[in-house]
Structures are given as C-alpha cells and as structure tokens.
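Going by the order they are written in, the chains are A, B and C; count residues from 1 in each one.
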Amino acid sequence: MRSEEAAVQVRDPAAVPRLMLSIAIIILLWPGFRLTEFDLGVLFDPRNREIMGKFIATFFPPEASADFLRLILKATLETLAIATAGMTLALLIAFPLALVVTRSLSISRIGPARGFAAGRFLRLPARFILMFFRSIPEIVWALLFVRAVGLGPAAGVLAIAVTYGGMLGKVYSEILESGDTRPTLALLEAGSGRLAAFCYGMWPVALPELVSYTVYRWECAVRASVIMGFVGAGGLGQLMELSMRMLNGGEVSAILLTFFLLVMLADAISAMLRKATA
Amino acid sequence: MKPVSIKLDQVSLVHANGQRAVNNISCEIGSGERVAIIGPSGAGKTTLLRVLATALRPSSGEIRILGKDPWRVSRTALRELRCRIGMVHQAPPIPPRQRVVTAVLAGRLGHWPLWKGLASLAYPVDIAGARRMLARMEIADKLFERCDRLSGGQMQRVGVARILYQQPDLLLTDEPVSAVDPALSDRVIGELNREASERGVTLVASLHAVDLALHWFPRIIGIRNGEIAFDLPPVRVTDAMLKDLYASESTVPTQGNEPLAMQPAGVRRKPLCS
Amino acid sequence: MRRIHWFILAALVAAIWASFAYLSLDLALLWTAESRSQMGRYIVSFFPPDVSGEYLVRIGHGTLETIAISAIGTALAAVLGLVLALPASGRFGAAPRAVTRLVLNFLRSIPELVWAALMVMAAGLGPFAGTLALALHTAGVIGRLFAETLENAPTEPAQALRLSGCRPALAFLYGTMPNVVPQLVAYSLYRWEINIRMAAILGVVGAGGLGQMLYFSLSLFQQQQALTVIIAMLLLVVIVDGASAWLRQRLVD
C-alpha cells in the first residue's frame, strides 16, 4: 500500500445534496398526508368494513337478469349515442373555428389586402374560444349543463360537444398548418378564396390525419360519456352511480364488465375505421 | 501436493444454436497458479472463462472449481462458492449511472450482510477501501465520478478495481485491458499478478495481446476452435506455434500492433513486484 | 373514392342520425327564445365571481388539498406500482407474472372517477378517498410501465453481481435499479402532472379538492362561487402546464 493514499480521509460529496433532497421531499409530502386526511385505519373501521364487505361480496356473480340486461343495453346504446352525437356537434364547432385560426389559410398573409386587420381580430377570439372550451374538463362542463338543461343525455352531448370541439379545433388547425402548405399558398396567390383554397389545396393532404384524430377522439368520447354519467349526464355511468348508491354489487360488476367490453369495442371500431381510411 | 483450484475433465459446451464453443477440454490448474489463455477471436476463450465463473453450465464433462462441482451443490453452497470467484469482463457490466465508488464496493456484496449492502446505498461504507483499489489502477481521482463519464479503458480498470476489492480466491479476467493503452496495460496486468502472488490465489486471464501474456504469465494455454492447442510455459511457446494458433488472423496480435519480436519468451521479464 | 369509403360514409351518417333519434335530442328546442333566455340568465348568474377574502382562503385550501391528493396519490402509486412490477416483470416466474399483470390491467382499466366513487364508499367523503382512487388507478398504469422497463433493462450487471455471490435482492438494487430509476422517476413525475388535473375534478363524486367545492357550490346554486372554483381550476392547470414545460426544457438541455 502506498502510504499517502491510506492517509486521505475522503467524504462522499453527494451525501449532503442527497440528504437535503430527502429532507425536502419529506417536508413537502408531510403536510400532504395531513391535508388528504390520510388514515388507512378508516378502511378497517368495522362499520365501513362491514358495508364494503357486503358490497364487494355481492359483486359476484354479476347481475344477469333479463330486465337488468335490457337496462344495460339501453344505457350502452345511450352512451354510444351520446359520444357520437357529441362528436358530431364538436365537429360543427371545431371546423369553422379551425379554418379561422389556421394561419396558412390566411389571405391577408400574402400581402396587405382587404380584411388584413379584420382577419387578425377574428383569429384572436377564435383561438381564445377554443382554448376556453378545451381547458375546462368535460366533467365540469357536464356538471354545468346538467344544471342548465336538466339531468339526462342532453347534458352529456353538450359537454362532449364543447370540450371536444375545443380540442378538435386546436388539433385540426395544427394538422392543417403542419401539412404541405405550398398548394394552398399557390391557390391563394392565384386569387382563390379561403374555402376554395382549403377544399383543393389542403383537404387532400390533411384528410387522413384529420380522420384518424377524429376517430381517436370519438374513442375517448365513449369513455368520457360513461364517466360523465356519474354527475347525471345519462348512459352507463348514471346507471352505475345508481347501482352503487343502492350498494348493489352485482349490478356494478355487470356494468363494469359492460364498460370494459364497450371500451374494447370502441377500440376495435376505431382501429377498423383508421385502417379503412388510411 | 499442491491443492487444485480448477479441474476440467472432458468439458464441452454446445450453445443453443448448436455451435460447439468448448470442445472436450481437460486441464488442471493448481492453487496459486497464474495462467494466460490466448487464441484468435472466436476460439472460445470467453466461453471457457464463463464456464469457470459458473455462469454457463457445461453440456458434458466434469468440472470442479475450488474443490466443488458448482452444479451439484446446494444454492447456499453455490453462493458461497461464487463469493470466492471474481471475474473481470472485457466490458465491465456496470450500470452507466452508477458511481465508481459504488461499483467498486459492489465487489464485496457477496461477503456483506444484507444490512451493510443496503446501508451502502445510502452512504458508501468503505470509501477508503474503494479508493485504495482505484489507486492501484491509477484512477483514484475518479472515485465519485459516474461510470458513464469514463472512457472504455477507465471502465475496464474500474472492473479490475472491483475484483481486487472482492479479494476472491479465483481471479478470472476476460481481456481486462483491451481498451487500455499499452504502458498502462502492463501495469494493470502487473497489479493482477502481484495480487495473485501476494495472496497466493489463482489467476486465469484471457489476453488478446500475446506479448503481455508471454511476459507476465508462467503458464500459457493456447486455444483454437474450442480446444486446447498447447499448454506450456512461455519459454517453450515458439513462433511457429503462435503462427499456427493465429492462422485465421493476418498477424499475431500484440499490444499497439507493434510487430512482435519473437524471441523465446521471458526476455522482457521484469521483477514481479516493483 | 372507393366503394368502401362510400359505405363508411353512409354508415356514419346513419349512426349520427340514429344517435340523435335515439336520444330524442331536438337541438331546435335548445334554441327557442325561452330556452335561450333561460340559458342567458344561467350564464349571467355566474358573474361576478366570488372574490371575497374569506372564500379565496377556502379556494386556496381546496387548491392545496388538490395538489396534496395528487402528490400523495402518485407517491403511493409509485410504491405500489414498483411492488407489483417486480413480479409482473417475470422476476419470480411465469405464474406470478400472469397474475400480477392481470391485477395491473384491472387497476388500470377502471377509470379514476369510478375508483373515486368506490373509495368514497369505502373511506367516506373527503380527500382520502380521492387519494386512494388516484393511487389505485395510477398504480396500474405505472406498474405496467415499470414492469416493461424492468423487463427491458440489461440483465448483465445484476447477473455479474450474482456470479460473485451476491444476494438476488442486492444484485437487483446494485445492478438493475441504477439503470431503471431515472425512467421510473421521470414517469412518476409525468403521471403526477396528469394527476393534478385529475385530482381537481375527482371531487365531483365527493373525493375532496376543488372538484368537491365546485359540486357543493353548484348544488347550493351559488354560481358565483362555482365560477371562482372553475377559474382556480383553470389557473392550476395553466400553472402546472407551464411549470412542466419549463422543467422539461431545463432537463432536456
């Protein structure tokens, strides 16, 4: 052994930062436990356990009486209908707004022309509306619409229309702008209108991507419409909320199974649609 | 009689793809012997070392490592046996984000109780020890460096430092200096030899550079096509034998690809412990 | 256009028509003068938002509660996910792998909000239910990803340690963990970001946080307070988005 090395006492330079990081994490998480009223004991509280135990015990077998199955079928169709109708309205909202905010479709961009200032002033509020629509989660919209138009599927349809309208509008305009814009520009420079430029220059280029994204969103809408039922917006979710409140485990498990099947079905349909249009 | 460290009796290993990597090898290596394995690439050096390291189970034949058949003992006994075997890989299998000190200390995990291994994750338990081994490899300054910041040669030396820290009874090294520059390689191989002879443990090293092997090791085993071509002390390894061994390659590989001045070996020999 | 395209288009139109018919949705009904004025009154009733000091303090508390739900929920999910990921990565054989994968898939496929509704029953109204709900769903998501990360991690380092007589548990900690920890941390943080948004709305089924405040105020017809909550939610999401974008930029560079 060389003597000078044995003599050196080295300390780990990473020890202090590590310690600080650990302490910081603990200090940050500790009040979190208080704020969330974290108490695993609640789960084992005898009364809670009894209720939960009974509830879960009834999960199996799933309820399969003809009456209930008919109810489930009705709710499932309602869920699908909510998603589809909501997406249709979302398209109606999204398309015009997307056309307005898409910069590569702007006539004023190619030179100072009539409507230069107007175009800019129109784009800004359109952008803001899209952002506002999509930033509020669909379930909050549903909550609001349930109060405005009453319990039932209409609230769900409107909630999906508004939220997904905002999302679709933003993504549509992004897709349109990211595509090859030269044909559009050529058309615009040749003096064609926005709509004509869109139909002949942009549409063919962007169509597959637009379709694929819309189909994907429809799939999400199916899931969302189930969830929104929990606040009273119709469909499977509303049925499940009811069954839960009545502590009927068999019905809940039957609805959950239906939900899984529905999600898988939506997945399959969307995969098929995307393949057919690709 | 000197105790036997490794005993192979007609050992063969056939890979899953049918390739015969080790073919009917029989040999004995005594305790405290220092052996170099040379041969062209693809000859089966690495596979043979992996068999010795109990990483691969031979397809047929008898094997005894440190007096035990690793494939016929209990799990506990196998773990105890493995504690006594150390292997340096050509590319040391160390997680890139691990720090050098941790990588070196990991060498002795097999000897440590569980709590010590866990404690060392929070704070390295033996910084001085790790530093001492790294100093022997002349990279003590990299103690707290992350391994992915090291060059290939530095990584190899970390691998050697880890095995020095492990203090095994059987040192296996698989081309431990392939990425280290010639002058340093000499020192690294020298350190390994010094470790082996000081503690009286066995050293088996596969080496790409023939001059290093002939210079440092008292026993040379040449391997070709999974078979032993010769097993001789370096002075008796002739030019013709080497030419024959490396017939598939254009030249006999040496450090830095300098042409090998083929004298009977041992000429360049230096005292072992400088 | 090929024939299949016409077919799909026809099917789509039929599906849309059927949807509106099935729900007996009459959009014209929503656009009558009466419903328009009703809607207008409803919207106006939200203004101005309640910005009294007392209510803002409650909003602040609700926001902190939301962040706490998401943070604790994600932390629990990371721990639970890692525990489940070990068997799910095939470390203990094929049978435990199949079983834990099933468990993870189950946890993952039940949406957070359904978990929240279930947990409200098991643990009562309040943030604890939301925390458990997030933890369970996220554990499924994270666990599956962790399992894949573990399966794809190089095996050589741990193998080499085991060959030098190291215990499997230590070989895992010294050989495998350093390779996967960065990914685990990055993914947990990413899920946390998602969970903040989710925690804000879980409350609508009674699982604490801003969502519960929104639900209460809407139930009590206090639209002005509801608007304040919505604004707080929006701000929270915008801030989280900005912070994560900023952090990502810094971490990438």
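Structure notes:
Operating definition for what follows: contacts are C-beta pairs under 8 Å (C-beta built on N, C-alpha and C of every residue); 3 or more make two chains touch, one makes a residue touch a chain.
What you are looking at is a predicted structure, and each value in this text was computed from that prediction instead of being measured.
Grouping of the remaining chains in the absence of subunit B, by touch, is one piece. Chain pair with the larger contact count among A-C and A-B is A-C, by C-beta pairs in contact.
When you average the Cα atoms of each chain and compare centres, the chain farthest from subunit B turns out to be A. Among the chains, the centre nearest to the mean of all shown protein C-alpha atoms is found for C. Taking each chain's centre as the average of its CA atoms, subunit B and subunit C sit 52 Å apart. Between the CA-based centres of subunit A and subunit C the separation comes to 11 Å, rounded to the whole angstrom. Averaged C-alpha coordinates give centres for subunit A and subunit B that are 57 Å from one another. Across the assembly, subunit A contributes no residue in contact with two or more other chains.
Those residues of subunit B that touch subunit C in the complex are listed here as 53-55, 79-87, 89, 92-98, 102, 106-107, 109-112, 114, 117-118, 121, 166, 168. Looking at the complex, you find that subunit C touches subunit B at residues 154, 156-157, 159-167, 169-171, 173-179, 181-182. Residues 28-29, 31-33, 35-39, 42-43, 48, 51-52, 55, 77-78, 80-82, 84-85, 88, 135-137, 139-140, 143-144, 147-149, 153-154, 157, 223, 226-227, 230-231, 234, 240-241, 244, 247, 256, 260, 263, 273, 276-277 of subunit A touch subunit C in their complex.
By the touch rule above, subunit A contacts subunit B in their complex via residues 1-2, 5-6, 8-15, 18.
Chain contact summary for the complex, subunit B toward subunit A: residues 99, 101, 122-124, 127-128, 131-132, 135, 140, 143-144.
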